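Presented sequentially are two complexes of chain A, the first with chain B as partner and the second with chain C.
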Partner chain A sequence: MKKYLAYLRCGFLDGCAYRQYFITGMLANFIQAVVLFFVWKSIFHYQEVISGYTWEIMKQYVFVSFLCNSIFSMGFEMDAAERIIKGDIILDLLKPVSYRTMLFFRMLGTAGMEFAVTFVLVGGIYLCINGVQYLDFFRTVLFLIALLMGMGIKFCLQYLFSLLCFYTDNAYGVSKARETLTNFFSGALVPLAMFPGILREAVNFLPFRGIVYTPCCIFIGFFSIRECIFNIFLQFIWILVLGGLGTLLGKKAFSVISMYGG
Partner chain B sequence: MNAIEVHDLKKNYRIVRKEPGIAGSLKHLISPRYEELSAVKGITFQIPQGESVAFLGANGAGKSTTIKMLTGIMQPSGGTIKVMGKDPFSDRIRNAKKIGVVFGQKTQLWWDIPVAETFRLLKKIYEIPEEQYRKNMEKFSNILGLQEFMDQPARKLSLGQRVRADLAAALVHDPPILFLDEPTIGIDVAVKQKIYGFLKEINRERKTTILLTSHDMKDLESLCDRLIILEKGEILFDDPMDRLFEIYGEGLSLEEIIIELFEHRRVS
Partner chain C sequence: MKALGKNVILYFAFQKQNIKTLLQYRGDFLMMIVFTLFSQGCSLGLIYIIYSNIPQVGGWTMWEICLLYGFLLFSEGFINFFFQGAWKVTNMIYMSDLDRFLTRPVSVGLQLLTAKIDFEGLNKMVIAAALLGIGIGKCEIHWTVFKGICFLVFLGEACVIRLCMIWIASCMSFWMKSKSNSLNYFVISLGEMAKYPLAIYPPVFQGIFGYLIPYAFVSYYPVGCILEKEGMAAGAACTPLVCLVMAAAAYLVLKRGLRRYESTSH
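Up next, the complex of A and B:
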């Protein structure tokens, strides 16, 4: 475990070395959230309730979903692909550590700074707009657990997508595809409850909802405590399934990869 | 005991057959054509513990390919490898603890954070005891002059400085087996001499097994007892260094012999 904490540290330092990059990236995300905020505001101006959502709820949803979505938002497909194409992955594999666990802690370190800044920023804005009236201690704890679980799901998905880069050189495409899928099906843009008929049912069977929608609903109070527990359990199952898939496909990918350079 | 046993080792790369130009690229998109390139064609050799072996061959002979398989990061297309009795690919993590690797043209240093942080990380990864770590770092600092640039990020180092740091990074956990793929590119002669002196020392004292590739014959000659010459994925020569001189006459230098050997093979 100490080994991986050392990776966390290096990832964090690495993230700090790139802080301008982070800050511009985050600013871009943040502008998106603000735009979304005003779009919803004008929509609710015309219709008071949409699929059970009122403006009061939406005001929370926009910021909480932004927070949930911003963790690991950079994605490491590009990074992983670059290491494969340049052959630097060789150096990762030469270490007596599990590749995936190493990646997780390295990313966690790098994302740690990003997350801390976002948390303070978004939290501050949330409080300015909504005050403390909706906060509930027990729900907040459940929310944080769900948030962590969502992070796990996101990591597993990113790992799976990064394995695709073993087969294709088009890392940008892979990264964009994953981003679009997660943004749409996780509820980061539109609450899943607003999806039309069959699609709304379908997304319940996808892992993406665990990333944003589940923690958001827990925080806002759409789920009863029972539902909260059930949904967190569901997130956990998805982590196991996606993690298992990653192990399986990882084994395959590592046996076909040809190490470049030399 | 044999540190390394290789039997009928093969590696085929799948390479893309693409016609030049845009038309060729488009055609490739629709119906990609692949070809197998046989980089290593069934080689067999053993290296006993404590031996230092030079791996020699023209560009593209398959030296780096072989080393990648020996280090357990790439799966062979055929044949078997045993490093300290275990298959390095299926046992990658365990194997990684026992080996030290330098790929001269790559760096394991973190690009944007100080070199010292990389070493700190290595200490944790390999679980190196404090005492051993301190002793090693002191030694490397003397030989390789690391302290000049320990606080710099790797991207700010000169080529030679970077390679020096990489060499130290590969040795810091006292691995019983060393794979060095062109470990001295870009290093000036004075430091190079020190490095080979040091490698010779650990080879003698700690019985470290060394497999080294280099295009610098003097390096190979000064360090290695045995020579394996690869050509186009096959072993052309595998004997003690002295044998080569017996065959080709004492008067010639290793370099001259090798040049003659390659020329000769090309004609025949």
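Up next, the complex of A and C:
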């Protein structure tokens, strides 16, 4: 465990040293959130309720979903690809630690830094706009659990996508694709309840909803306590499934690399 | 005039070399096409979902928004394909790659602009053209020859304005002297705002992101003018002026920046 803590620290320092990348990424996401905020505002100007959402709820949703979406979202595809192309990946694989666990702790360290920044920023804006009237202690605790679970799902997905980099040089494309996929199907942009007909049914069977939609609904109070617990359980199942898939495909991907020299 | 002709010939010569470098990664080409189609599909899906719940945003219908989107995407693709080098300025300055350019008897601006090519741009332009086509078909526009010409001119101007924005943001690296410069990324991300009518934002945002960074003239006024919405004509008439100002600013920034440039010796 101690060796992984070293990676945790390493990730944290990494995040602090290269904070510019994180801030840029967050800013881009934040612009999107602001744009959506005003789009919704103008929409609710005409129509009071859309698929069960009112402007009061939407005001919370936009910022809470931004919080869920921006933490842990940097991804390590680019990093992994660079290491694969350069051959450095072999150093990671040779070490007496599990490659995935190492990545996880590094990411966790970085996420710690990101979380602090985003939390203060979003929390501040949220309180400015909504005040404390909707906050509920029990729900907030459940929300934090769901948020952590969501980060687990996010990590499993990132790992799966980073394995693709063993087969292609286009890491930017891979990470962009993952980002788009997650943004769209997790409910980061539009609440999943607003998806039209069959698509709404379909997204319920995808892992992405656990990343943003589940924590958001718990926080806003769309789920009853029973539903909350069921959904958190569902997130857990997805982590197991995606984790298992990662182990399987990881074995395959590692066998592809061939290195010259060293 | 002769100098201009020479630069055009050189431009194509440089780009030809860039295309050759792309052949190195043939497999990725297909992947890139799939990824671009996919991510643009998702962005459009977002608009579709919003509109499946409501009839209009800020008085604009879905197909009108499509036109806004088309203008933005086309200009983005145009830069990616023809002048992707604008993105590489920071790295060039940091790595002192600029030294190589300065020794050649060719304008540095041209060499920087052609430092890279990105085929994703072509893909984006095709998608944007299709979107514009569909949008035009679905919106009831009273076409005249003049309007047709205006449409093409506006599209061209959108490309120029956006190129200048990125160029100026990238060239700030001459003053910042750091390894990376996120300004250009920030500027392009702001395009997200221009996908929806400017009128929905509060005045402060409009001022900063519509006029100071002139996104209003990239998509909002031109499309509004073509759709004959109220109060758009004056804004649209200003576009060529904005275009000129931006181009002049871009030229100045490069000139001033180069004067400041001091290579890290190798």
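The rule is simple: the second predicted complex is superposed on the first by the 259 of 262 C-alpha atoms of A that agree within 3 Å, B and C clash if a C-alpha of one lies under 4 Å from a C-alpha of the other, contacts with A are read in each partner's own complex, and residues count from 1 in each chain.
In this section, contacts are C-beta pairs under 8 Å (C-beta built on N, C-alpha and C of every residue); 3 or more make two chains touch, one makes a residue touch a chain.
It should be emphasised that the depicted structure is a prediction, and the values quoted were computed from it without experimental measurement.
Residue contacts after overlaying the shared chain place A:G173 against chain C, while chain B stays out of touching range. In the superposition on chain A, contact of A:I90 is made with chain B only, not with chain C. More residues of chain A are in touch with C than with the other of chain B and chain C.
Once the two complexes are laid over each other on the shared chain, residue contacts for A:L234 go to neither chain B nor chain C.
Using the contact criterion defined above for the overlaid structures, shared-chain residue A:V117 touches neither chain B nor chain C, since it reaches no partner. After overlaying the two complexes on the shared chain, residue contacts for A:L13 are found with chain B alone; chain C is out of touch.
Of the two partner chains placed by the overlay, only chain C lies in contact with A:L27; chain B stays clear of it. Of all residues in chain A, those touching chain B in their complex are 2-3, 5-7, 9-10, 13-14, 17-18, 87-88, 90-91, 93-98, 254-255, 257-259, 261-262.
Contacts from chain A toward chain C in the complex involve residues 20-21, 23-24, 27-28, 31-32, 34-35, 38-39, 41-43, 46-47, 50-51, 168-170, 173-174, 176-177, 180-181, 183-184, 189-190, 194-196. Of all residues in chain B, only 13-14, 64-65, 67-68, 71-75, 92-94, 96-97, 99, 101, 103, 105-108, 110, 112-113, 117-118, 120-121, 124-127, 153, 181 touch chain A in the complex they form. Considering their complex, residues 25, 27-28, 31-32, 35, 38-39, 42-43, 45-46, 49-50, 52-58, 180, 182, 185-186, 189-190, 192-193, 195-196, 200-202, 205 of chain C touch chain A.
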